[in-house]
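After this come two complexes, each holding subunit A, first together with subunit B and then together with subunit C.
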Partner chain A sequence: MSVAAGGGESKIDKTKLTMYGLGGGILGIYLAHVLNMITGTGYFSFLAGLGAIAAIVMGADAVRRVCAYGIGTGVPSIGMMAMGMGLVAAWFGLAVAGIAGPIIGIAIAMGFGYFVGMLANKIIKMNIPVMEEVLMSLGGAGAVVIIALSVVVSGQIGYEDMLNDVVLTGFIAVVFIAGALAILQPFNANLGPDETQDRTLVHAVSTGGLAMFAAGIGSLITVGVGGAVLTMLIAAAIWLKAFLWYFKLVKRDSAGVVGTGLLAEGGL
Partner chain B sequence: MSTFDASTLIYIIQIVIGGLLVGIGVHFVPVGGAPAAMAQATGVGTGTVQLATGSGLTGLISAGLMMSVTDNILLIVLSGAVGAMIMMDVTMIVGNWVYIYGVGVPPVAAKVDYDPITKDPQPPYIGPGTVGHGVPTVSYVSGTIGGLMGGAGGSLIYYALMNINGVSGLSAFFAIGIFVVNAVIASYNIQGTIEGFHDPKFKRIPRAVQACFIATLIIGIFAVLIHGGA
Partner chain C sequence: MDMVSMGLLAAMGALATIAGASEDLESDVGSQSNPNSQVQLAAQVGHTHRIYNKAISGEPPSNALYAALAAVTASVLMSDAYGMNAFFSIAVGSLVAAVFNGILSMTSYMGRNTSQARFNQYVYLDVLRSHTTTIMAHAYITAFCVVAISYIMTAPWLPIQHPFPLPVIAFTWGIALGAIGSSTGDVHYGAEREFQQYPFGAGLNAANSGDIVTKGEAGLRSSIDNAWFCAKFGGPVTGLAFGLIVFLDNWRTTIFDPATQGWYAIATGVLIVVLLNVYNRILEVRSKKRYGPYPEYAGDIKA
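After this line comes the complex of A and B, so read on.
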């Protein structure tokens, strides 16, 4: 298949990104849970948000790898599918496995991803060589993002509390859609023949910051004002830093940025 | 963990049927993707997933409303189907207004010479350099059928999950999760665009049925094991 949607070469290896994404995600989730429990506060929820950003970067890289093949359905579809698989797997893990829930959920999500990728290649005959591996990464990223953002909202991992804080309050909708957008938007916005990996991934950090901010707003009524404000401040700082960095990369990659002024009268 | 008994098996079957309905329903929906957004291809100018999710969510809302007053599966599924049909029809008719009055193109199908429903000739109205534009009658009818199947499928999944965990938020989002997986698999099958049931790509349905069946079965087995708290 030809490279339809562009996508430049990768400077950062996918294995490294997957490792950091999954490792950072799981670390963030557990650190937030444990530190919140030890201190009895909600101040450490932001760590789960940082984990979510790591997974979002990993997911955005997986999206750019598969979409470079031209999947024909638009970039958003694959991001939504990642979240769909991740959601069911993540909550399954949380419901049945207690404290080991996140790891079980992420493993199952990656299994779903591999499986759906296989179906896409074998039955639908998409013949995209990276499909299985990419959907595996995406399923894993989706599950980490769902769990991590849910932990930001609820402050800990216990299933009953998460059910009350995330699902019954309706914040699961925010978690789902903000997480999906954070994963799919970076490549969707940067695709084209001049796409560069660092620009896409820096953009992923900024969208991750926004997702974390949204989850932080949700945690205002669940973990309390202190923890929520801390999460939101850190998220805003990450977003600002990443967005300025992204803007710098946009200027680096563009042929030229010139101010043309307004069109003259009758210029159209 | 929920116990695994005969009723769980029935719920899994309901979820699989729901997933299949979603997967098949996507093939009926006239999606044109980016070319249609520029009025250069027949269909609504957006992706399958956006259209399917939009109508599916509306279906879930109407199914959830019905479920708050009755347990009758038929009424719930029908309510979901009608909700999704309305959403799909509204999307298509507003899209058509934009195409007709805004862009200034007649709705026309490019994959057939005569509209199978109105018998109107199509080729004279196809703009040069395009593969149709707008949502012609046959695509509109097809899209309505697609909305029906998608909405019915989504609400069937919702109904099954709701009976297991009893938490509407959880059931709704699992239904959406299973819904998008099937919608995306189906849209890979049509490579992102289709005009409706008259499109030659429609004949690829068996492949999507197989893939959606297996995918929904696997995800469904996990979904029914999630309980709704104590």
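After this line comes the complex of A and C, so read on.
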């Protein structure tokens, strides 16, 4: 456990973020599916990627809230746990519920998260007040990200096709790990006493762009060149915009962004 | 066991050795994994520094990402739709992984140092420029070797023909490699290089947390100096560890056919683990006898 994991105050309310994350995620998944079905193309797969980014921002904020309790080296672990819960629940939902699969999967993941949080607090006695609520958000975010990035790869929601396009090709590996890193990396990279919420969340948008790009590479052989290139171009544009914005916030928050030089006062 | 299988086994062992060494040096240039918390603490205890500080989760997940991403890109390019040669596909895949690595490294360096603003820790752009490329170069070698090992295991025209798809195998080897780099090589950087002012082999006393060396032989220490130091021992030893794991693990399934002689392969695996444990124990006892307790050690402290 690292000292002073930090975390400043939250300017954006968690309820709002959860609402946008879940709503945006589900909307993106279904819009991508329906528009691809209607047009008979793969051009709208990028909408699922946008949904994944919304859920990644929500997940990154949840990681930030729980890790402010001094969990330093636990940041990656909690991201992995989110994706683990999300993966199991998402594929269960897709397997049993057909077109309603994503919603059922996300609901199960959130229930799963709440239960794990309760175990952590009541049985292991971690006594972190926000544990249940945060793990519920993380489970939900994990499930949305897994389903959304899988829809980017396969272009539609259909258990059989998704199994062929995402799992049997092995692309699930990158969907899982790129999604997990996108959720945990923002807080992990900005951890420290002077962390700010807006900088962390802007970073989440940029890692979300990267995850979307990674899924876009996989879609090159599943949804076709047109849809895949569109997804990758939009992901790259989102990443670039978020990265430049992040750099601006780094300049705002840091003690100094210098071209080169010796240590600041007190360092030598 | 034919000559082709034996040759492939040797190639996999060699690739794994290179991957292990480059992975450890990549993490050392960026102070990733456990040495990272000391760099993070340094500014807080009054030692601002010009050391690269990237925290892309732990080494296992980040290496899993690079390996899986390189493998996905390679398998897309190798597919019937694009039909690229395997060698070039893996090279392009590794390039994509290295670029992802560079992006994540840069944002980690900027983010972590910015979050130490109250301790006057600057973000140095020249550190970012010179070190990120070094990190990416090492990551490229690592990703290339890991995906090449995975390709040898899965290629339909080679004898192993593992049933799992290439990205999943690469993902698994990425996690294994990251875990080995984190546990083997990082000790050399984290416990020795960062704490060079303390007696060699003294370990890390909790009271010295964050009290790392921030000055070099001339001027301020840079993380490329750290890679130079770790290339003498930490990197190669990580390579040896990962190379042995890949070699011995595949060796037992090469000499015994997993389909018909599965239990022999399992028994050989258990035997190897037992032998290595015995060897480690002998090594530990001999080192303790030969070098004795540290000069300041005054017996166990009663609780």
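The rule we apply is simple: the second predicted complex is superposed on the first by the 254 of 268 C-alpha atoms of A that agree within 3 Å, B and C clash if a C-alpha of one lies under 4 Å from a C-alpha of the other, contacts with A are read in each partner's own complex, and residues count from 1 in each chain.
Criterion: a contact is a pair of C-beta atoms (placed from the backbone, for glycine too) under 8 Å apart; a residue touches a chain by one contact, two chains touch by 3 or more.
As the structure is a computational prediction, the values presented were derived from the model and not from experiment.
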item	value
Partners on subunit A (subunit B, subunit C) - clash or fit	clash
Which superposed partner A:E160 touches (first subunit B, second subunit C, both, neither)	first
Partner chain(s) touched by A:G170 [first = subunit B, second = subunit C, both, neither]	both
First, second, both or neither for A:G261, with subunit B first and subunit C second	second
Subunit B versus subunit C as contact partner of A:M80, first or second or both or neither	both
Contacts of A:Y69 with subunit B and subunit C, given as first, second, both or neither	neither
First, second, both or neither for A:I108, with subunit B first and subunit C second	first
Subunit B versus subunit C as contact partner of A:A178, first or second or both or neither	second
Per-residue touch tally on subunit A - higher for subunit B or for subunit C	C
Touching partner for A:D194 - first (subunit B), second (subunit C), both, neither	second
Touched partner set for A:Y43, first subunit B, second subunit C, both or neither	neither
Clash with subunit B, by subunit C stretch, listed 112-120, 130-138, 148-156 or 184-192	184-192
Residues of subunit A contacting subunit B in one complex and subunit C in the other	72-73, 76, 80, 168, 170, 172-173, 176
In the complex with subunit A, residue positions of subunit B that touch it	1, 33-34, 47-50, 53, 167, 169-170, 173-174, 176-181, 183-185, 187-189, 191-193, 207-208, 210-211, 214-215, 218-219, 222-223, 225-230
Sites on subunit A touched by subunit B in the complex	71-74, 76-78, 80-81, 83-85, 87-89, 91-92, 95-96, 108, 112, 115-116, 119-120, 123-126, 159-160, 163-164, 167-168, 170, 172-173, 176
Residues on subunit C engaged by subunit A in the complex (per definition of touch)	37, 40-41, 44, 46-50, 54-58, 61-62, 64-65, 68-69, 71-73, 75-76, 79, 81-82, 96, 100, 103-104, 107-108, 110-126, 164-171, 209, 214, 220
Residue numbers on subunit A that touch subunit C, as the complex places them	2-4, 6, 72-73, 75-76, 79-80, 168-174, 176-178, 180-181, 184-185, 188-195, 199, 203, 206-207, 210, 214, 217-218, 220-221, 239, 243, 246-247, 250, 253-267
